[in-house]
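You will see chain A twice below: alongside chain B first, and alongside chain C after that.
The block that comes next holds the complex of A and B.
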């Protein structure tokens, strides 16, 4: 948005100073007239701008809307001169002014900037701005913009615009624009067309599965029921209309279903990466680690630190923004692991046999850490910007797949695979499992259990740090970030069965999908409550969770 | 009867004034006022700024000679984001410290919890933050924006821009719920059909609408499903979102909004709980072009505002307050309304010639004007303020660019049931 606006100004500047085609001259004249006119005359003039072929119009209208057009009062009874204000590039500089009529720059000192008065468009006029810009967009070479404008104008259901769209359909060659035009025309036809046109539109919207057209179809049915429609419908025609609505609605419920599954998976993936670290520290090691949430926050703050470092090293460049995240991933893992290591050495190693005391001690640590974050980073939340490859989305069959959501699913798969590999396939994993199952026996076999415990706890904390990096992309980074996820984490681990990573995976995905499926039905608040109640009931039925641990050494 | 009541009131007043004068004569030449805000807990991030601006206003007044020749002595207490504690602290301010007036509260729930205390002990509270209305206590002065000074002008603006469909979303508590119910009535009265209002409706057994819109808990972070719903709702064009989400959740909301490919041109969001101060901890870049509606913006181009902003920054640099943040500070509507409150109180005290609560309230009710940073504000008989309302567009810097203003809007707290179809 920022860049777009800058481009606008630069292109406006360029055009202002250098070229003055006949179209532009005409557009400028109408524009000046519009600024000086009032009421409905002004509105009509702005509307007439859409017939000029000048590329300046959208920039002018944008500038006018934003309050960058000023009036310089003339002496005597002459009309004031409209000026375009361009903000200086550097903070604190003085703005430059250009005469709207010919684009000449006003020499500084030839007038008093303080005496300028902002030219505000009347509210009625502002309303036609977007329509004028859209009408102009119908003739831009950019295919996407043309298609968007065609659909938007069609949705306005304006009978002045409809003939223009029909005219355009005859000359348009781009298939995607023709499709948008057809959809837009069909929607307009529902309100303004002949009976035949309406029936064609009903069929077309049904064939296209047009979500945008659903409202228009429903409005038509309302009008028919209230007797307000221009053409009365026969029973058969009414049935066709109803069938068309039903068909689009069933298409929507299908997209809702698939979309909900995807969103459930992505929430499940978030829960999974948040809980996986806990599945190791609590699930395997049996430490009730209330500071797990703060390990997540450590990861999130690490992402913030790496962003700051990259920005200062490479001065806020695109390169810094695009790459800091790749560095942040291992960095957060290491910082969180280091914190976990320190926590284990200073507190937890003395409490392995006293789980309740470890609960209290880690809770205390969590409070200390939260206050520490506030002291170091301040009470206000910190912002972490997302690299462009995590922004945006793809849309397939009207379902939006956000890149960040796709990323988190892939990220979760990688982390789970990595954890599984470490646990099942490496000598380290073997000794971890040995120590967790029977510490005395493991010690007797020559495994240094203290070291293994230390490493395991650091690894679990590191995983929490990884969760923090991702959370920094979907929310803000603050001292109580961890608090909002600690309950979820325990919920996932307990429901999945303590000590079992497969159980954690399944329960995270299950909770995610259930939560998303209940939300549209019950709302976010009730949906959440229902999920919690369901988990409580489930644990009554299966106290050990999905996959209860069968090992004899764990009590 | 009316005459008699007048006489009685006059008698009580003069007696009160006498007592007041006597009490003051015994004390030294200062007058105490209370500052009751959360300086710790979840609301501290917003409310600390109000404490700062109140102290600033008091220092300013003291430097220019005080009120009725007395220096103001602020008594700062911490409500700690704990609503029952607010009631306890206000009792302490009124009974123990015997303050002449209290400036404070942010959340509606804290105001509701101190209200009975102020009524019982006849205190005077100035409340500065936009709220849902439907309340008018004789002991509270609402310098805050009433619904018709924020939500309704914003909706009017959107209607003028040609928006036809409105999606309501907020945090689940009293302010968003009440505001949205009022807005629902207003939209229906403007000819927007019920099917064009998104977010869902809840009705009670008699079919009466008791809740309009979608609500999420405090601190909610997952807006995927809601955003999918908004996208579907907006597919037919000309839709807008009315956002009463509070706090952190806004970050998650706007990040999800961007990820869903929505833009301010297609589906503008107007937010009622986001001011310049909130933008200090929000990614303003994600909100460029979205709308805000307040009775003050820091970017207002008036000499009063420029002076206010400059003086406040200067004061911050040297202020002797524990743990005060000096860097990167901004001003916003709740701060300015707190500031206005102190000056209105001063003017009322000077008009009444006494610190006695009843006389001051009477003076306030008679209509007192102050040329504040956001324009002239005038007190009304119904304990609200007449003031200017501005609509602004968010800039990447976290400031607003004013794109529309409504002059001297009368504050009207009771709106429910007042709209009829045109």
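The block that comes next holds the complex of A and C.
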């Protein structure tokens, strides 16, 4: 399938005759010449293709290597015409042929396909194909591609390519490409350069913190130790080489460290979003809501529903894909809050005085909801597609920052800030805090405690819904989605100190970073186990969590 | 009419249950004629054997939660640890009858082990394995309980960290490299104490042992409620600080009870494994432990027979509804749970009392209505 698709692209290129640029025309001419030429002349012609800056060259060379280029013998002494064969789209159809020189399709009856002869490149020519394609990439107008190609060629450490790279460095104007060329040349120099060249390369790779050059440096050291190197090194020079390797290695460990911190922060942010709702329903209200995980799933399924609705309203357009997510965020909050509201009215309001039993009843609710999801949405997981602005990543100092990770950190900050604002700065927050501290006194002051509890619970569930929207972006949506987070989020709240949102924030980030730091050492599962054990031990030291609520009362 | 005291009545209940399980059921299985109403098939007996093991776990949780006020959401862990300890012995007893015809357990051959890991070797001995059934859950509970109670973690927090404990253990046992069979656990047992494991006579004997063991546990609890220890236990449940201020080390009491309950559950696990023929980390999932709490709550916490009734009733309901309404089973269980918590705080055992109270409360209104009806 892929193969045929490839052919279609070639034929499409051939058909666009009117748009042929001067580069392409030149490339076609050289290509035809090369096909007809022989021996070293052919090799030289193919090599010269790399200077044409035509996008057709890789396709041509690929077709030639595959044996899709044929020669049509001309009458008399005229040179034969090279043709490109394109496989038919259906099995068993007849192939179509295009003239290489101008891309015109050959009319079916104008020649005898049986008389065609396959044009084979000489063995020596074949060998320069890859290099030609690589070198060609050095002349693409795209700066990033050019820089990548420069580095890639340098890393091949091919002494044929090295002079070409040096030549290119003189004409290149883009600084990032020059940098990449320098790096690539330095790496090649390590293997093929003179002694001075090698020393310069060692210094340059060190200055550039070249991760790509580390292997080459290590190889060189290895060769020196084994006495295989072209030039022997003095003690001092060897020390320089070792220092250079050490410097790059410390740079790598630094980028690893920053990368781990960043991934840890983003995992912490996920945990934080998941646990923040629980910090309110469990931490402030004292309700052990085992159905919290299902509130998360409600949010995730709401994201799925809004995606489906957008797709059916706007068909499967990019507009729908890009915008449904913005709609899903408030929608999930509202649906989860509504579910929380119903749960509070039907079950939890009777259990404020029996917290352990609220655990049991809400677990029952959680079972009902899980099975309900399965009955409504089916047992298979549902896929929610991410809008393009959440995909992709940006690389700074060799550290990859995924957009979705950056987004979740920003999202977490926003939610924490919003929650803090609601709790600390609004009349609603004031009455929430009053009811949580002393319901009877609050009632005596005229606060309608039932209503406040109802609203608080709905708000906490709504936050769980927001967590669900995000989780739908990093995995598929299933009825067990919430279950995988429920134990962790309880641990976050307990370790942070119940009834304290700052504690929840710190413990979520702490747990996230610890988890990510342990993972490379111990593997994902053992890392998690260690985190759980660490929390249990942490509670030995601080039974009330990071920020215990201060009170003189005994339970 | 002679009024019986509470303790006398529960003793009578225990004796009745013991008679039914230890004598009547095996007898009906042995002597009942095939097809008769009174006959209990081998399959039914095996099923009930499983229920009895569950009932013991429920009793052990009741000892913690009902009588001491410690809600443990990790009782399934101790059950599974006991099961694993005995399962290791059963695995080694397979010998070379396994699928790979090797002296090593099948999963080890599969994972490329060349020889038995050192910690497996002692499990070749039956007596060591039986001691491990007692000591492994006991030591885990002892260490964990010591840490938790010393830090005065209680109530909701205790519940949550026990849940974290069983979750961590569950993740650990799911690992293949942990040498306990990964997610498949142990299965394909062939013999127990030299008897073919699935022979009806072996299964009958296992049922009998489980029934005796359950009865012993019930007697232990009944006896405990009469002792001073039992009184302090309940005092801790009702007001721990007061007990501590009266000079009792509540930490020690709680620790002892926690360890006893863990061992009780561990033995139940060891009896469960040969009857069911498999043990895997699924038993350690937090949801399994929550299910145990359901059994106790449905039957009636802080009553002697409540957990037994709850465990058998819920599991019977589970078997029944997974067969008849497979899609709705979880909904039935969930709804049962919500309803029990909301409307039957004393469970099934407390239901008659609750109805009586309800009648007393409304008797006056009923009479009024009757009189009004009579006048009209």
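For this structure, a couple of remarks:
Simple rule for what comes next: the second predicted complex is superposed on the first by the 416 of 555 C-alpha atoms of A that agree within 3 Å, B and C clash if a C-alpha of one lies under 4 Å from a C-alpha of the other, contacts with A are read in each partner's own complex, and residues count from 1 in each chain.
Going forward, a contact is a pair of C-beta atoms (placed from the backbone, for glycine too) under 8 Å apart; a residue touches a chain by one contact, two chains touch by 3 or more.
Predicted model only: the values in this text are computed from it and were never measured.
In the superposition on chain A, A:368 contacts chain C only, with no contact to chain B.
In the superposed model, A:491 makes contact with chain C only, not with chain B. Of the two partner chains placed by superposition, chain B and chain C are both touched by A:525. Contact with chain C, but none with chain B, is seen for A:360 once the two complexes are overlaid on the shared chain. Contacts of A:444 after superposition: neither chain B nor chain C is touched. Look at A:535: by the touch rule set out above, it reaches chain C but stays clear of chain B.
Between chain B and chain C, B touches the greater number of residues of chain A. In the superposed model, A:478 makes contact with chain B only, not with chain C. Within the superposed three-chain model, A:376 lies out of touch with both chain B and chain C [touch as defined at top].
Of the residues of chain A, those at positions 525, 528 touch chain B in one of the two structures and chain C in the other. Considering their complex, residues 71, 144, 147-148, 150-153, 155-157, 159-161, 163-165, 167-168, 171-172, 174-175, 241, 286-287, 290, 293-294, 297, 327-331, 333-338, 341-342, 345 of chain C touch chain A. If you check the complex, the residues on chain A that touch chain B are 1-2, 65-67, 123-124, 126-127, 130, 152, 155-156, 187, 211-216, 218, 252, 256, 259-260, 263, 266-267, 270, 378-383, 385-386, 391-393, 395, 400, 402-405, 473-476, 478, 480, 484, 515-516, 519-520, 523-525, 528.
Per the touch definition, chain A reaches chain C in the complex via residues 286, 288, 290, 347, 350-351, 354-357, 359-361, 363-368, 370-372, 374-375, 483, 487, 490-491, 494, 498, 525-526, 528-529, 532-533, 535-537, 539-541, 543, 554-555. Within the complex formed with chain A, the chain B residues making contact are 42, 44-45, 160-162, 165, 172, 195, 200, 214-217, 219-222, 224-229, 231-232, 235-238, 248, 251-252, 255-256, 258-261, 263-265, 280-283, 285, 288-289, 325, 393, 396, 401-404.
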